[in-house]
Amino acid sequence: MALGTGWVVDWVRASAEVVKEHRTELVRLDREIGDGDHGENLDRGFSAVVAKLDGIEADATPGAVLKLVATTLISTVGGASGPLLGTAYLKGAGAAGAATELDADALVAVLTAARDGVVLRGKAESGDKTMVDAWTPAVDAAAAARDAGGSEAEVLAAAADAAEAGAAATEPWVARKGRASYLGERAIGHRDPGAQSSSLILRAAADTAAAQTAAATEG
Amino acid sequence: MALGTGWVVDWVRASAEVVKEHRTELVRLDREIGDGDHGENLDRGFSAVVAKLDGIEADATPGAVLKLVATTLISTVGGASGPLLGTAYLKGAGAAGAATELDADALVAVLTAARDGVVLRGKAESGDKTMVDAWTPAVDAAAAARDAGGSEAEVLAAAADAAEAGAAATEPWVARKGRASYLGERAIGHRDPGAQSSSLILRAAADTAAAQTAAATEG
Amino acid sequence: MAVGIVFVSHSPKIAEGLVDLASQMASSARLIAAGGTDEGGIGTSFDTVSSAIERADSGDGVVVLCDLGSAILTAETALDFLDDELKERVRIADAPLVEGGVAAAVAAEGGAELADVLAAAESARGSA
Amino acid sequence: MAVGIVFVSHSPKIAEGLVDLASQMASSARLIAAGGTDEGGIGTSFDTVSSAIERADSGDGVVVLCDLGSAILTAETALDFLDDELKERVRIADAPLVEGGVAAAVAAEGGAELADVLAAAESARGSA
C-alpha cells in the first residue's frame, strides 16, 4: 500500500516518541565517545517538529511534511546531527517531490536521497563510524526489497533491519569523522550514537507503515 | 665615574616618568600597528616598579634593583613587552652580579646581557621591526664608546643616541615578529612602539648618568 | 565597506571573547560573534549563524571561522539557505578559530578583499 | 593522575569558554583557564599563568596552549620561574588554542602521557 501524508506524520510522531524514550541511552552513547548531548539534541529537535505538526495544511504532501521536519531539525538540534539529519530530510523531501503518495520506488528514492544528503553534508564514508553506517545499509536493503517485489512496509522493514545491524556493526570501529574521531582507539567497543538514533528513526518508519497497512487491510 | 645603586634607582624613576609622559604617543604607535596598549602596559609596569623602590634595602646592589624591576615588569605589564623587558632586566641583573658599582665595562656587559635576554625570549633578529632594533645598535655603540675610552655617562649617551636612531630606522620596515607582523606592508611608515619605548628608557639611563656625573663634579 | 567576519563557536564566551581580542587590533572591522545554542548553551545555532552572516555582510562578503566540525556543518547549512547573491560572497575558512580569526580581522580592517581575508585566515598559525 | 591542561588566552572569556567546551568531551580532565590581565582586561598575566600551571599539575605534567605570540612569551617566562622539578614536565604546545585544546583535553582524559597529550594538541587542525 502506497503511503501518504498520514503515514509521514505518524512516522514523525513515532520518531519523536522513540527518541524521547531512548534519550538517556543516546546521551550515554554520546558521553562515551562524544560530548553527551545527542539524546537531548534529537529530543529537542523532534519535540519542536511535533509542536509544528498541528499547523500543517490539510492537503500537505509527504514532501512538504519532510521539508518541515528538515528545517525544524536544522533550527533546533544544536549539534552535528541537526545539519546532517536536516539535510537528509530536505533531500528526501526533494525526492518525494509533489507526490501525494509514496510507493516502494518512491520510498527507495527518498531514503537514497536522504542518505546522499548526509554524505553531502558530512563527507563521511562507510566505515567512518557515523550515522552513514546505518543509512547506507538501510538504503541498500530497501532497494533489494523493492527489487524483490516487496511492499512499502516490507521495504521499510528491510531498511530498519539493516540500519539496526549497521549501527551495531559500528561498535568495534575507530571513528574517522565527528567528535569520536578525537578518541582514536578509545572509540572501539562503543556504538556510534548517530547510527543508533538513525536506526531508531528508520524502525519507526517501518512500524508506522506496518500499522497503516494492517489498519487498511482490516478496514 | 662608576655608577652605583643610586643611579639605578634614579634611572628607574626617570624611566617611569618618561614612559608616563610618552604614554599617549606609545599608545598611538601601538594602535597603528598593534593593539594600542603599549603605553598603558609600560606605564602600569613602571608605576608598579616605582611603588616598590621605597621598599629596597639600603645596601641593595645595582643588580638587586635591576632584578626587582625585572620581576615587577613581568608581573604587571600584561603584554609582550613585559616578558621581553623583564627578561632584559633579569639578564642585566645577572651581568651586574654582586658589584656595588658599574664601570663602563660593566655597563656594556649589562646592556649586552639585556639585549641577549630580549633576543632569547622573543627570538627576533635585527630588522624584524621590534625593540631589538633599538637594543642592538645601543649595545654596539656602547661597546664602541667604551673601547674609545668613554666615561660611563658617555657610554650610555652613545647607547641612547644609537637606540633613538635604531627606533627611527624601523619606520620603513615590514614587521616579522609581534602583532605588527599581521599587518604585512601596512606596517610600513610606522615606528615600532617597543623600539621607541626602549630608546626612551635608554635615554633616561644616559640623562641620569650625566646628572650624577655633573653633581659629583660640582660636589 | 569591508569584508565582515563571523566567529562560530560552540561556546558563546569564546565567540564573544574573540570579538574582544580581534577588535583590539581591528577596531573598525565588522566582527560578529555567533556562539552557543539558542538557549545560550554549548552548541551551535543555525539561526544565530545565519543572522550573523547577514549582519556581517556589507556587500563585500563574509569570512566565517568555526571551532569544531559540527560548527562547520552548521555554517555550511546556513550557507545553503542564504540568498544566492549573498551566498556567493561568503567563505568558510579552513583555519584555526582564534589565530585565523585575528589574522582575518586585521586583513579586513586593512581593506583587503574577500579572497585575501580568507587567505590571511588560512595561513595563520598564530605564533607571531 | 593525569596530564593537566592550561589555556592561556588574552581574553578571559575565551579561556573560560574553552574549559566549558573541552569539558563536555573530557569531563574529568584537569583543565585550567588562564585568560586576561590581573584586572580582567585583554592581555596575559604572569601570575595567572604561573598559578594555573601549578594547579594543573598533579605530578603527570602540564600542556599549555596559547592564543597569540605574547601569550607564548608570558607562558615561557612563567616556565623559567617554576621549580626545576615542575618545569621539567611542562610543555608549551605549538598548536591552535581551541582546536589543539580540545584534542589535548580528550587525550588527557584518556590517560595519555605528557608526550602524547602534546602530540594530540600539535596534530589537531580541528575540522573533524
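Labels A, B, C and D are assigned to the chains in the order they are written; within every chain, residues are numbered from 1.
Here is the rule we use: contacts are C-beta pairs under 8 Å (C-beta built on N, C-alpha and C of every residue); 3 or more make two chains touch, one makes a residue touch a chain.
A quick note: this is a predicted structure, and the numbers were derived from the prediction, not measured.
Trainee: Using only Cα atoms to place each chain's centre, name the chain farthest from subunit A.
Mentor: B
Trainee: Could you work out how far the Cα centre of subunit B sits from that of subunit D, in whole Å?
Mentor: Computed from C-alpha means, the inter-chain centre distance equals 31 Å.
Trainee: Subunit C to subunit D: how many Å between their CA centres?
Mentor: Each chain's C-alpha centroid was found; their separation is 24 Å.
Trainee: Counting only Cα atoms for the centres, state how far subunit A is from subunit D in Å.
Mentor: Result: the chain centres lie 39 Å from each other.
Trainee: At least two other chains touched by the same residue of subunit C: list those residues.
Mentor: Residues 24, 42, 68-69, 102, 128 of subunit C touch two or more partner chains.
Trainee: Could you list which residues of subunit B touch at least two other chains?
Mentor: Within subunit B, residues 35, 37, 177-179 contact more than one other chain.
Trainee: Got a list of which chains touch which?
Mentor: A-C, A-D, B-C, B-D, C-D
Trainee: Can you check the complex and tell me which residues of subunit A touch subunit C?
Mentor: My answer: residues 35, 37, 41, 74-76, 78-80, 82-84, 86-87, 121-122, 177-179.
Trainee: Can you name the residues of subunit C that touch subunit B in the complex?
Mentor: Per the stated touch rule, the residues are 24-25, 27, 102-103, 106-107, 110, 120, 128.
Trainee: For the complex, which residues does subunit D have touching subunit C?
Mentor: Touching subunit C from subunit D are residues 9-18, 20-21, 24, 35, 42, 67-69, 72, 94, 96-100, 102, 125-128.
Trainee: In the complex, go through subunit B and note every residue touching subunit C.
Mentor: 34-37, 177-179, 181-184, 186
Trainee: Name, in rising order, each residue of subunit C that touches subunit A in their complex.
Mentor: Checking each residue of subunit C against subunit A gives 37-38, 41-47, 68-70, 73-74, 76-77, 80-81.
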